[in-house]
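Here come two complexes built around chain A, the first alongside chain B, the second alongside chain C.
Entry: the complex of A and B
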């Protein structure tokens, strides 16, 4: 094992194909180079840690993250809003997640996600129609034209952002996403200023909308979060804000990458793309295999230990920083047969792509529907699509990994 | 359609209740209620069938066993050929 395998994983030149590095990493299921994080890369160990109550998601439990290359700087920006449930432990996590789930899913709102299917269809149709009308068939950037705008629009509908404000919302989401993906050539001061401004504007906008919905609730998530009054009480305005920001950020970039990684994979396996065109129901299992094969969240970097623990014979002290490399566990040959093969018919497919345990992806049912619909509609409507660059240019981010652009050419677009 | 949920595997992720709310429902935060014999397998059940298929695939612990009327096994533990 080379000393700098973690640096290699983070190195941009390995972004298009980190899987050989993960394979090397798995030779040491718990990798620790002396000062950095403890990096866990094998399926069963990751699965166990995701369910282990001695593991914390709250950065305040870290003894020190000085040597962790993915540690968050945690400046002033981090303290503007209270932490969302993504970065909290029980019981605070449970209280906020329960209150957020109340208007989103079963048992209280079993129909919210299901009932969005008509909206999802209409948004997907609108985006593909727009490519057909305005696009240049010789060169379409699927990220800009499709995978990027789709999830933001969905989150706007879910939260209840009025349609006339959606364009402003897109601009803020763009700037915040760019801050997750620093362009090494850009002026960092200028970028920081723009990120800060966007955060402020988005915060001001959302707090205005929350106040409005509190007075005149309209049945959307924001109204329900602002007025909800279940056994856990009502969220404060700051808690609603921080939850809405979490849904926006966590539900956006990840879904963009799931869809883009999905199209990239389908274009690399044209026989599967052809099948999907004929059998749209294949999209259900296909999306599960994509979540295993090219997961949008490659690793979970922000966990820490609340006690001294032992994992695969390695002692990890209390307060240590952990990385759980989901994308490596998903290709662990001790768990999956022929793990490097993309197989949309795979039956044994209990992947780690959406995490597991108390922090398992909150938006999973929505993300699944978005990806299933997006991929089956793209397969149906694009005529003879082909990649113009393989690999395509990737985003900088090693954690939320996916192509920055996906340039393709088509012969035409079916109605 | 016949359904069995292995309640020893079920961890209350509730993914099925999101995707096929007419068949699966949460009773409280953790217990699952489901219709073991939904629909009548007529034409009108195509959507129901699609929703149930999505629910089966979405179960993070693969606890749902589905048997379609034509005897074909759906996805799930033991259901795989």
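Entry: the complex of A and C
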């Protein structure tokens, strides 16, 4: 194997199709170049590590000399917020995730996601109607006009951001998302300043809203998080803030990519797109196959070892940094038959696209519902959609991988 | 019967009989059809119902959230079987390859699968057991009758025995707001399965949820009123307790009586079989045409010192049924061993309890993650310096890791640290299982005769 395969994976020129590199990577299930992270790329090994209590998600457990090619210049996001549960281990992780789940999912709130169906429909309909009104059928950027605004609006509704503030919210979210995906041509100082300002403004806005909801709860997630009084007590304002920020960032970027990757794949397989138009119920299994075939989170880079462990015959020392390459595991031929084939009817489909174990995707039920609805509605309403660029231009980010733009043309838009 | 194409003939036109039409029987039948068995398939079951799922009976059904008739097991495929439901098997003629039924019918087989499972151990005094208001819980009918009684709002429910089923019943009663007393002979609930260290946590859960838990206590007598309704229980401490519903939850008995005298190695501890699910006869010789699966089977497990384990676990029934079905239709070289790592779950008092391995073999326990005080923890059991079992309370996502440690016979206590290790996880404690020298109810085998040709074994069934 070439020594710099990690650099190749991170290299932007390979963003459109990293899968041949993953195949190469899988030949060494635990890859280590001597200084960087230990990179695990085979299905069963990743699956086991996601359930291994000797693996930490808390960056404080990293040995200080562990090199991380993904580390952002300037270190951790400069923020006064406490770490969200994504970056914590039990018991803090469990406590915060439980408290966040209480107003979100079963057993206490089995209806929250289901009850958002009406909202989701209305948002999707509005976005596609607006594309129709713009009347620009020869060139539509599906990212700008659809997959990007959709999840932000959903998060606003979920949290309970008042409709009149949604526009401001979008601006902050845009800036923060851009910071995850640095434009190499932009001035880094200027970008840092804007990111910092956005984060401060968003933080101020949300803390104001939290205080308000604490006094006058309105049943949305923010109100419930601020006033929740379950067996784990009530979150502090800082904890609510940090959790809300997590839901915003994690629930947004990933869903954008899931929907965009989904449309891109469907446009590459027009027979599947045609089928989806006729049988929208196909979207359920289709989205699972997409999460396997083109997962929005390609790899989990923030894990470290709490002990010396052995994986596939390789000793990994305590304090080492681990990358779990979910997208490579999803195409492991030892686990999936004909793994490079996109098969929306695949039955044996326990993919790693949403992770597994205690950190498995918190918003999974919502993300699934959003993607199923978005793709089946786009399939139904877009007349003869076709790609204007294949591959489309991608975002820089190798971890949260997806197209920056998805230019398509259509013959028209059905009502 | 291997080289001459007889296996092909068996698959094409053989006669397979499955005695026991519950989870194991159904899954085995489905597997056989999946493997291309096109011969005749007869499913014999003593209950009048098509296969149904039992775990919900002590949970959703007792809470009145799901009707007992809605517990039918989902079918994986059509099995095109002749169903003989509501007719128990009453005898087996191994030489003639015939199963006798209660209605006098006989069914011939080329291959037989026995999956008759277990039944609830009844209250030993038949006249007291017959009192109105005294229940056991094993079947759909049991659950329906008990649920009806609970829905009527009894003054107090007495649960005798605090194993998993008894604890789940008590939990359901409390969720329905009913006063409930649990009488347990041992020192704490679940001690037999999980030991005293974990049993202590279970006891706290009972008490916190308002159960009147009495441990170290036996019920000596049940007393009815003039109309034959249960009224009072007499306890071994000399006190009495008024209760209008009594649920006897004293474990299970294996349904093997119908095999008495058949020559099959069947008794109160189950039917002994090899790792390939083939039944032993009482001489200890393995049969070729009789297979066993599910709760009624006892088979040697390589991971646990080749002990004959008898596992009343849902997952075991499915896995063993699939292995038995595979082996019934395979050449000997293609047979597979049943190597399932024991696993079960229970949900009670809002806590999800899961276990892997054989905790009851453990002599020590380490609380590897979490804390007992918080009711969220992972306990790892050690036996002779290796990991032999694990249990989680509301932490099941870690369990597969410990399952692998059991499979790898990893050293105990574990040498590594984990997330969420607390002070109580620093050193192992005695697991505190009850004295294993409790008298068993095993059968007796006597040998007679002198020359090898004369040697005879006589099987004397045990008495309960």
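The criterion applied here is as follows: the second predicted complex is superposed on the first by the 404 of 415 C-alpha atoms of A that agree within 3 Å, B and C clash if a C-alpha of one lies under 4 Å from a C-alpha of the other, contacts with A are read in each partner's own complex, and residues count from 1 in each chain.
Quick note on the criterion: a residue touches a chain if its C-beta (ideal position, glycine included) is under 8 Å from a C-beta of that chain, and two chains touch if they have at least 3 such contacts.
Note that the structure is predicted; figures quoted are calculated from it, not measured.
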Touched partner set for A:229, first chain B, second chain C, both or neither: neither
First, second, both or neither for A:53, with chain B first and chain C second: second
Which superposed partner A:347 touches (first chain B, second chain C, both, neither): first
Chain B versus chain C as contact partner of A:372, first or second or both or neither: first
Dominant toucher of chain A (residue count), chain B or chain C: B
Chain B versus chain C as contact partner of A:307, first or second or both or neither: second
Residues on chain A lying within both footprints (that of chain B and that of chain C): none
Chain A to chain C touching residues, read off their complex: 48, 51-56, 89-91, 94, 306-309, 357-358
Partner chain B, residues of chain A touching it in the complex: 98, 105-107, 110-111, 113-114, 281, 284-285, 288, 347-350, 354, 356, 360, 364-365, 368-369, 372
In the complex, chain B residues that touch chain A: 13-15, 17-19, 21, 24-29, 50-51, 53-54, 57-58, 60-62, 75, 80
Residue ranges of chain C in contact with chain A within the complex: 368-371, 374, 376, 378, 397-398, 400-401, 404, 416-420
